[in-house]
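You will see two complexes here that share chain A, one where it goes with chain B and one where it goes with chain C.
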Partner chain A sequence: MNIHWRKKEIAAAFMFLMPSAGGFALFYVIPFAMGLVYSFQDGTPDGAFVGLAGYRELLASASFRKAAWNTALFTFMSVPLMIGSSLCLAILLNKSVYLRKWLRTAFILPLVVPVASVVFIWQIGFDWNGAVNAWMHSFGMERIDWMKSDWAIVTVTLVYAWKNMGYNVILFLAGLQNIPESYYEIARLEGAGPFTSWRSITMVYLMPTLFFVVLMSIIGSFKVFRETYLIAGNYPHDSIYMLQHYMNNMFLSLDIQKLTAAASLMVGSIMILVAGLYLLERRFRTFME
Partner chain B sequence: MRRVTLLIVGFAMLLTMAACSGSGSNGSVGRNDIAIPDGGTGTESVRNEDKQPDRSAGVSPGETEKNKGGKKTIVLATGGSSDYFKEAKKKYEDRHPDITIQLKDYRGEGKLDESEYDKIVTKMNTELLSGKGAADLIVLDFLPVGKYVNKKMLVDLSEMMEQDSSFQKEQYYSNIWDNSKLNGGLYSMPLHFYMDFFWVDEEAVSKTGVNIDDKTWTFDQFIDTTKELIKKGSYPHGLLGISKTGALELLFQDNYAAFVDEAGRKANFDSDLFVRLLEQVNTLFDEQVMTENYEGLQGYFDFRASIRSIEDYFTYPVMFHGTGKLYQKPIAEGQQTGTYFTTGYNVGIYSNSAVKKEAWDFIKFLLSDEMQGSKNRQDQNRSYLMFPMNKATLEGQLKELLKEGTVKFEDMDGKVKTVNITEAGLSIFKQRIAAANKPLHQTPSQISEILFEEAKAFFNKQKSAEDAAKLIQSRVGIYLNE
Partner chain C sequence: MVQLHKYALTVLLLLFALITLFPIVLTVTGSFMTEREIGLNYDLIGNMTSADGGPQGQFVNWKLVPDWVTLEQFRNVLIDSPTFLLRFWNSMMLVAPIIAGQTIVASLAAFALANLRLPGKDALFLVYIVAMLMPFQVTLVPNYIMADELGILNRAAAIVLPGIFAPFGVFLLRQFYLHIPSPIIEAARMDGAGYARIFLAIVLPLAKSGIAALVVLLFADYWNMVEQPLVFIDDPLKHPLSVYLSRILEGERGVGFAASLLYMSPVILLFLYAETYFVQGIQSSGIKG
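Showing the complex of A and B:
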């Protein structure tokens, strides 16, 4: 009886999953698998199998190595920055701050602004003749070419963090509100200070959310291409030349082999990163239990 | 349960984004870059290391299906709706009932902005790569031909010419084809062309007593001559109507090999040589050797002499600043003497096409006297006629013009003037067409684009020449090493 009911439930679950799984397969899984196949061929259509030649050529390209390095650097710079600042904001907003509701909305707003508009404001701010340079000039400082010097990566990181922080703040707020108030009360009764209760209660119970946010942010940081492409085109300053720039330019050169090889390598690296995170999370859970 | 949900959501997101960056990034694509064919001055030569087999013999199943039942279809992708190709289709189909020409406009009406242009190139690239929905014949004027040739997407038409015994190369201005080759083959075949000269105020020049031999002068000699003219003569300006980036391009092409080593994937823009080149452009403008403006100014030369028809050739000398002549543009050091030209209506055959022979026959029809003389070529892309490739067509036009004896035209002030057509003038004109061997391109290559963009910051005094040079070096370096 029980087994029968379970079977039915599984069948029902599959039924509900089918439409989205179908669409997902059609638009993402199958194309990616085809891309993987192309990466071992010498061209399209009707390429011959050439094994790892494409990957060898890819790794020999100095621009690819630069793009991979820049992307990794950006991820390791932007993710901690974004998580740190959004966690602080979430903790602050969780208290009864003046104008709390309005502030919450304000942090989420950048998320709904289209990238094109963000880029427009960005250009007004960080152009050679932009607002930031005008201020600096009025303070008697030298103007900086923000998007075409080593400052470019800093600028991109800041604007990227500003745009995407709101999402993390929401997730953290949800996580914070899930921690029962009684834990803090007991801790206070036991004589714990604010730092101790933050470390031993907030951080511990926020861990699952934190894992999720880190995961999402890492994946999200690979998507910064859109902004940099709209600002600086397909050959930007070399500090913000990302993997997607490389892949985009490879498509324009009709070099499908290098394009798919780069994409496969990138997915591979993300997979390893994410698998590592899940492993960590599992450890943490068993530790908690 | 929550953990499982989280896991599923997480992996779904991951895959979505990973897949997105793999295939989705194709959605937005940058400016094109079109190779400058041959002649050593190309800013993007074609890489030779491609070891792909020639797939020109391959026939994709989709292509054969549409040719069932004896009737064959040639799909022609045009850059804009063109009355010229509509006329050609109608006439050709009337004569060949077994062939249908299907016109497919990949460009649409009007001017393109960058994002629309990106979409066009993306779509075309996808079609060529997948072999599905791709045209058999493609008008390549707006497309990155150099890259298509690199990836063996186009058929070498010079081979087809040689194999076809009915095709007489001598009947055409084949020097244009010979000098439009890429990688040693003619992949993009011009059906028309126009020529570029320097306008010269010969009277003013002769007053100064300075001798100019426009057959052999190089850029350096041009600069020296102009300085001498300004010193000795009464005109304050040298070359009118040229921008600083235009001047930079001239000087850059002249020294291309010193700055770009494509085979070795090296750029040399952070060198003293390049910094000096940038500064030289500024000096030339400071010394009035070159001036961007032209209205009401007295200069010995004018840069704006693109000759697109025989009428242009005879009226341009007296169009702008009184009486003048057309001189051959200066050449690079060590280059052969010759006329600069730009091609138009460049067509290519897709290497996976199932109807290559038929497509070639249609190209031959486009080259026939009947189509080459068509007045329908004034479409929205080019509001002017260009010179035909077919010698007989041009000879016919020349004869007619000689019979009339004069050309009437309106000058810049709206006054109607007449120019006499002489046998001697025509024979110089013919020599100049025969000497056309230096291709110019309307669309700048990726390297020139980066060069112009960064050089502008220097010309606007935003940056020092050294800083601009460093930026060019790093950006071109990325391009070369991809």
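Showing the complex of A and C:
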């Protein structure tokens, strides 16, 4: 390959990349860099440099702590629930069943159903006078205020899991289908029971998928906003006041410094998370080889 | 014995499928109720603000079958008042340009990132991925300021432009383009084809399924969007269906089901029509490049 061709290729690549890279810089990279700068300034129009003062103030703020704690709690609740249930569904779907294609469609359909279009259904279900309480009442249990008490986070977790489980089902199914059937046959010939082959074949070969699913689920759980906003509005119950709400409210009250500081912290933690899981996966891979 | 096992498993999965489909089915059947029936059935929802007191032992339940099947709601929503159709149009006017724009811009950029040699392209791609993982709120303020500078605040462009340059399309299409063997491209170059020609005559036809996957995924995502219109568009007349529906449920519950059904239909129909592409798209976003 001569130099002239090489140059031509770079020039062509540049042309193809330009529209995307230009717009991407304008609407994503530059805004983020600006946000990072704002987070080190005070709130005045001239924007004096104040170092970490904004971050200190943010970390001291009670509503930020509440929101961060709730987000963490939501992540710890929703991620295991979603991964556990979608893994079970995928494993069952991967066995010999009737109507497999239809069942799969049913499990991933919620993924495309807009949150706003089923809000009414959830309201009927989880209202104080709603259907879930009606059932509980008929079993002689006390009713629970699903939306306006500490239970709200459970409600949001369920609604969120309902909507997003299908994504994991798709990924797990793909991972399962990549495991050669012969592995299981050999295991059976050597006298391994179903549990042993599940543990030492399915789970081992599914590990790379699992890493990815865990990562995407955690990141997804940081984005939960639609569910809470559409069900509970601008002022949800304390237990579902999460970072997204906090940031939106800081935006509405024009507290730009706190907002950008919170955003930068969030970016930092997401990047640490990605790097951490990446290293863990690399370690797992070398262990496999 | 094996047969029995298969039946039992199918029944178990069907039960799960009923749960995931339940809200959708309920919306469909509810949309054929009269407004009076909805009022009678669901009026208690939201009537209670405090957790103690209120009518004891009174509940509403999800009502699956209407007493009287009617198209009254659809007539109200579609014919009697233009508000719904206006919002439907708004949604379309946000989503269609984003899909068209992002598909074009991303299909060009992905070619450079996947098939051409360009120094530093992997670093650039990493920036795209990081940006893709960030929650919307992270760049809220700077994006707002950017929109203000460009004079597009309160207009669809404030949502459409960042949507066109969002990193997801580049990421997804790059995954598809990577499967195109480089010898094909080399051979075309040897025969004297320019890069524009290679892109149009070789890459695009081979990546058709990737583009289809992108279109379906983008539609499902942006049809559901809530955050962006809330922040960038003040005027309720310009709001898309997602935001509008959360309002309608507070006031005119009587048409809520039909409005919800009409809102979720386009994306569900598109999904059922192109499920293969949808699944393929999610699967290939799970394969790390």
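What we mean here is this: the second predicted complex is superposed on the first by the 255 of 289 C-alpha atoms of A that agree within 3 Å, B and C clash if a C-alpha of one lies under 4 Å from a C-alpha of the other, contacts with A are read in each partner's own complex, and residues count from 1 in each chain.
Going forward, a contact is a pair of C-beta atoms (placed from the backbone, for glycine too) under 8 Å apart; a residue touches a chain by one contact, two chains touch by 3 or more.
Keep in mind the model is a prediction, meaning the values are calculated, not measured.
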item: First (chain B), second (chain C), both or neither touched by A:288; value: neither
item: First (chain B), second (chain C), both or neither touched by A:148; value: both
item: Touched partner set for A:42, first chain B, second chain C, both or neither; value: first
item: Which superposed partner A:128 touches (first chain B, second chain C, both, neither); value: both
item: Touching partner for A:103 - first (chain B), second (chain C), both, neither; value: second
item: Touching partner for A:235 - first (chain B), second (chain C), both, neither; value: first
item: Chain B versus chain C as contact partner of A:9, first or second or both or neither; value: second
item: Which superposed partner A:266 touches (first chain B, second chain C, both, neither); value: both
item: Per-residue contact with chain A, leading partner among chain C and chain B; value: C
item: First (chain B), second (chain C), both or neither touched by A:29; value: both
item: Residues of chain A contacting chain B in one complex and chain C in the other; value: 24, 27-29, 31-32, 35, 128, 145, 148, 212, 216, 219, 222-223, 225-226, 229, 233, 243-244, 247-248, 251, 256, 260, 263, 266-267, 270-271, 274
item: Residues of chain C defined as touching chain A within the complex; value: 6-7, 9-10, 12-14, 16-17, 19-21, 23-24, 26-27, 42, 44-49, 51, 54-55, 57-62, 105-106, 108-109, 111-113, 116-119, 121, 124, 127-128, 130-131, 133-146, 161-162, 164-167, 170, 189, 194-195, 199, 220, 223-224, 226-227, 230-231, 241-243, 245-246, 249, 253, 256-257, 260-261, 263-264, 267-268, 270-272, 275, 278-279, 282-283, 286, 288
item: Residue numbers on chain A that touch chain C, as the complex places them; value: 5-6, 9-10, 12-17, 19-21, 23-24, 26-32, 34-35, 38, 89, 92-93, 95-99, 102-103, 105-125, 127-131, 133-134, 137, 145, 148-149, 162, 165-167, 170-171, 174, 209, 212-213, 216, 219, 222-223, 225-226, 229-230, 233, 243-244, 247-248, 251, 256, 259-260, 263, 266-267, 270-271, 274
item: Chain A residues within the chain B interface of the complex; value: 24, 27-29, 31-32, 35, 42-48, 61-64, 66, 128, 145, 148, 208, 212, 215-216, 219-220, 222-223, 225-226, 229, 233-238, 241, 243-244, 246-256, 260, 263-264, 266-267, 270-271, 274, 278, 285
item: Chain B residues touching chain A - in the complex, by the definition given at the top; value: 3, 6-7, 10-23, 25-26, 28-32, 51-53, 55, 58, 60, 121-122, 125, 128-131, 144, 147-148, 150-153, 265, 352, 446, 450, 457, 462-463, 471, 474-475, 477-479, 481-482
